[in-house]
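Have a look at this one.
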């Protein structure tokens, strides 16, 4: 059915070849799709592949319906993530660091996706730079991580400080937390890209998913 | 001649009343003015007032010509500042902290203006957040200052960290140092305004002058 | 419990050291937090510190619930502020000047926060520059203030005019009042930063809180 | 030759009908045109019409060459304007008010164009809002004008204040004077459009020409 | 009570002097005010002045309540305008031209305000430039108007075409009609300010009010 | 009634001449119009013309009401399009290619409008560039099309790749699908305009309608 | 050597397959390339293909050197275009319409590229919308064209008017002609994309090349 | 001298602790520094550390002077990089892929920095997405790389396509190559951040340096 590397469901063409081609799961982005469409794509991927299948940004009610339609999955409510056939842990330690309590949903998505693809997550919450001792108290944990996902809204300063403390990969996630001059996260985004700490990389605003997948790419090549 | 509070020189109306009204010097902004115009305004202010008279953003060649036309002034080359009749020190300790070597000209302007109006300046250079120990090494000096002017380009993170260390007023100055996503300093400006550190204030990009004058306003009301 | 300078509540790490370190209260920003989280952080701060504890941007219903959970606080509805253990007045006179009636909520937040940390507030409402005599009528009150918080939306011209009248610190707050070319307050923000009045400082759009805390920093160093 | 209302010169089609159709001169915008092209269009207009012919934004060297090619014109150097067959004064009093010395070239263009089309110009220079008494000193002159062109860079606050003092038409011209948050005049432009003073109108950044022509339209319908 | 030129109502300071000073009504901007506040300011102005009193952007339900509180006013629903003591017509012909049906509310506000202050309005609806004959069919009506208010969203081209047809003042109003690249009216705003038609002026996005008041300023000086 | 080329319905002037003048239907843009207004304009066009009459962006409930008021039309729900008197197919093959499932509504509008004016549409869904084999699998279908409408949100890369595969006209439609750095489709818009593939053209964000009409212009001149 | 569809020259991989694959020439974009690199790529393409070879944005001195290195080409100075082996005319009439004299270089590039690939160009210069009779005078020529390239800076209104007159494809090119609110052509770009004329398409700012290639794509499928 | 982890040179505080702390070299950013300052910092770092010392964005003349002042370094002219004590190769294969010839300088910087810190670089030039076969021809080389740095200007589509082909880390670098809607690289930046390919990360515009350092962070943790 998918010997050309994808299924043609009419409303979608799930990339059934991605797992073999890249070692990455094809992931279903929920918004704008009906539960039936989500279930259809997930079913297609479960049949054609052997690894984890994810659906992101799923609200609780839709999650319940999707789990009823496609059994054996589970739902991470804080991270709004549906997972079927999660990967076994591979011993890759990913630190997920967030600046404020309000960055929680983004950190939750990053953690849920990372764990679904087999990474081991350590979370450090509310360690923003205005109270530096909170960050320095967990410094040793960060230094020994394999990679750090660093999440911050407002001025987005946290990755610059973390990037100066650790030598491992730092993936910065700007969030839309803040108001006024924060410009819905654009300010934090641009600030992180302008960081004085060398070798920091950045993903899209609020995309805990992108950060986790970037970590997965790194982990897969160790 | 100026009983109405200003001189009418045709090309300019120097506000001769400002010193009495506000305790602030009327300051001549150099760009777009001829040396003759600068000299004319300075002369008007020296006659009508008794305090310091400043001209900012003056290039060396123009400075020499202006000093020849209006004697008894002096020129601070790094800060591009001309000063006549500088104020006596008042014992107000202003820390001028800058993130990188390239922020030097802005820090120099802040320091030169602050000293011209009677503040005592302590400068701390190249203490950017990517090497936090450099900043922490001068922490005690910052904590005991009366106010801190905090200068940074790129992502503009320094004021957030400093603002979390000290309880005194922090005046943040974004600089146009950086490229790409820095957007000529706009990113640092917006980041500083979005700072998670409470009670930080911000002035215009590259305006060491504005920061010094803000400190002068604070100092004058102690 | 917090001998490392913070509490680790899981969802938050309140900076219990801030009061001792900076003389500033750690303040709880309400949006994005549950009432239980707000109550938890406030309780932590009340135990670890001796000064005022604030929670900002709290809607009335949440305020009632939080006051039920943590007694002995009070709620300022116009300023949407919860306060426990407010500071005694210190005799610092802060003028809070606003351009139009619609800027009221921002002025209310600035006033409520300032009073909670011990400043004495004098408010001047609806003194926009299009009817200059309204501002000039209160000029003497402004000239004798220790600092002025100056709040305006639309074109944000008020701080430039006030900044030319008084010699004390002027903290400008742009508001999102206006439409079209006002760009949700960004125009007023940029205009205030470009002000021709020397030494004006600016905080984030609609942030009466930031202005009050900036005044608190100044007041604390007199 | 131009019975269809324009000349076809190949490189340009001067609108020879505009004078009859609208009572406005067709004006030659200099930048991007050779002296020969400017002279060609001017000659066409002088032949087809009877009123003033203008060329704007002409640098001195080009002005000399154009005057040599098309005699009986004259050049206003500060306003960078070439005029042939200027209109007789019509008794319309236009006040041209500018905030700072650096706004001079824009004010000069506005004045030169307005006089070329027959308006009587009164200029008021350096009356920025940070020294309000300078503006209030000329208030009576503004109140009795037929219209006011109000020129300002930086935060662009002047038109709001002037617009609250006079009842006549106020045409605001933002200038690119300033730096950083001024964004090459965009901030002043947006601020003027957001003005709290009712009924102010705005033209393009640095366009003294547009302001003068707007005044000309008003004057022509009295 | 208002011998200082304003009333101090606590929540507002109506500028009771504006009518005498400028010949312009003080106008109440509705959004963000309670009906009681609107009624209070209107009452203050009706007592202190003799001319028209307006309140703009009033929704129908609030209008009914305000008219109940302050009798003898009337409500223009399409223009969302409340008027008390409207001015007698002065014989000034104002053409209000709009590009599309969706620009209707802005045109209605411009017309309602203009008539309230005594102008005579002629409306021309749906004459956008993509069907030029619709505009050319009313050309003679525009040419004989005293001034034209020209309203358009999308690309905002209409004022450029109208500005090339008539010699009288043209006041352009960009609207937020459109989507995507229209940027909520910012594109039309910038386009109108960049117009190739000489002497066109522009007011804020969707501000039929500002356009009418600009016309009123022009009309008052004939 | 419309011998001047339009009907004057008071609230609208339908351009009854467009069909004869340009061979294009006058199309009714739904938002901001009442059902009665839509029905009125449609009736006017059906009477004055002989070709298809369209109304775009019509929600289902309004569609039902409009079809009741003006019989013999039909409604395309996914494309939100009402059509009366659709054109006969002309044998012009238009490929409508979309990058993701979420771009569906825009593709549906493009397809519905194109078919209403007589084009034959072939749709290719979910062929985004991150799984290139899905696009290459339909390459032959694209190469033989007469024109391609290429719809994508997020980074808008699809038209660049398609534009390098086919020699026929490529009309790119950016969509507002995405979040954060996508800036509601502005990023995709600017990216498509910057495309390295030669001769690609672009229409407004989410405007399936504009793309279909552009194809119609091309088809009509074969 | 290029049986894989490209040459690998080290510094470039000319796409030798494009002519066969798409019927489009691979075109060399000059800026950032040395004359030797330009000559190398052109030589590669002349050998591998049989159709026209173009190099765009070439300054005169570089053009002379390139023609010396690769003989039998010719240079269009106004369009800054080098052409080898130009295509024979195919009888496709392309109208190139420009709003002002300053748009000349962009129109010249569009015309030169279009003629090099075999289209027949008719140019109409300086027909901006502020003098509409100049455009209406050439209306019949536009109506009978196969396609129209429509070039304008400032507010970019011309394509909307032309798009309402003709039924053939209209390709709009915004130019960076203008200042201030024109934002280096971005305003014209956004305005054209927001056009009320149905089915207009847009290419990048100042890209006469893109417009010509878009016309070539259309012409190639007649 | 640097037992506090940095040297205080007055004009700079080189972070001599970074090598030990992070395993990253402290790198000297050239612009805004004199040759003497560059030499001073480099000397400090050579003395305090044992690994590579780099100076970026150095023009040839300054490079010669710096090499004369601090011997035993070497200069990579295309990458504008000075290196002292380069690291031995570690067997980490980094693919540096660039879309066009004009992206060369950024690719050269990425390659030079990566090699200086011990990575093995394979470069693939001019493989832009408009001629996809050029990219597919090197697909096997990319699939077997340890990481890919992907450099593109204009619409920045290349990383999305590469990100769909390989499973290893992809670091995207937008360049300022392009004009108009490219907005000096901001469009490519935003497009890359919005990429539909999962797990791509992005660094600042034109920053080959940042990309190389990001790869170094990844390589150091294998």
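By letter and in written order, the chains are A, B, C, D, E, F, G and H; residue numbering begins at 1 in each of them.
Everything below uses one rule, namely that a residue touches a chain if its C-beta (ideal position, glycine included) is under 8 Å from a C-beta of that chain, and two chains touch if they have at least 3 such contacts.
Each chain and its UniProt protein: A, B, C, D, E, F, G, H = 1-(5-phosphoribosyl)-5-amino-4-imidazole-carboxylate carboxylase.
Note that the structure is predicted; figures quoted are calculated from it, not measured.
The chains that touch chain F as well as chain H are A, G.
Note on connectivity: the fewest steps through touching chains from chain E to chain F is 1.
Simply put, of A-B and B-D, more C-beta pairs touch at A-B. Distance from the centre of chain D peaks at A, each centre being the average of the chain's Cα atoms. Look at where the CA atoms of chain A average out and do the same for chain F: the two points lie 36 Å apart. Chain D and chain F, compared by their mean Cα positions, are separated by 44 Å. Across the assembly, chain D contributes residues 18, 100, 130-131, 164-165, 180-183, 189, 193-194, 198, 204-205 that each touch 2 or more other chains.
Chain pairs that touch one another, listed by label: A-B, A-C, A-F, A-H, B-C, B-D, B-H, C-D, C-E, D-E, D-G, E-F, E-G, F-G, F-H, G-H.
Of all residues in chain E, only 99-100, 128-132, 154-157, 160-161, 163-165, 178, 180-183, 187-198 touch chain G in the complex they form. If you check the complex, the residues on chain B that touch chain C are 18, 21-24, 27, 146-147, 164-171, 189, 193-194, 198-205, 209-210, 212-218, 220-222. Across the complex, chain F meets chain A through its residues 100-102, 104, 125-127, 130-131, 133-134, 137, 177, 179-183. For chain D in complex with chain G, the touching residues are 4-6, 10-13, 15, 17-18, 26, 29, 31-33, 37, 174, 176, 184-186, 189, 204-207.
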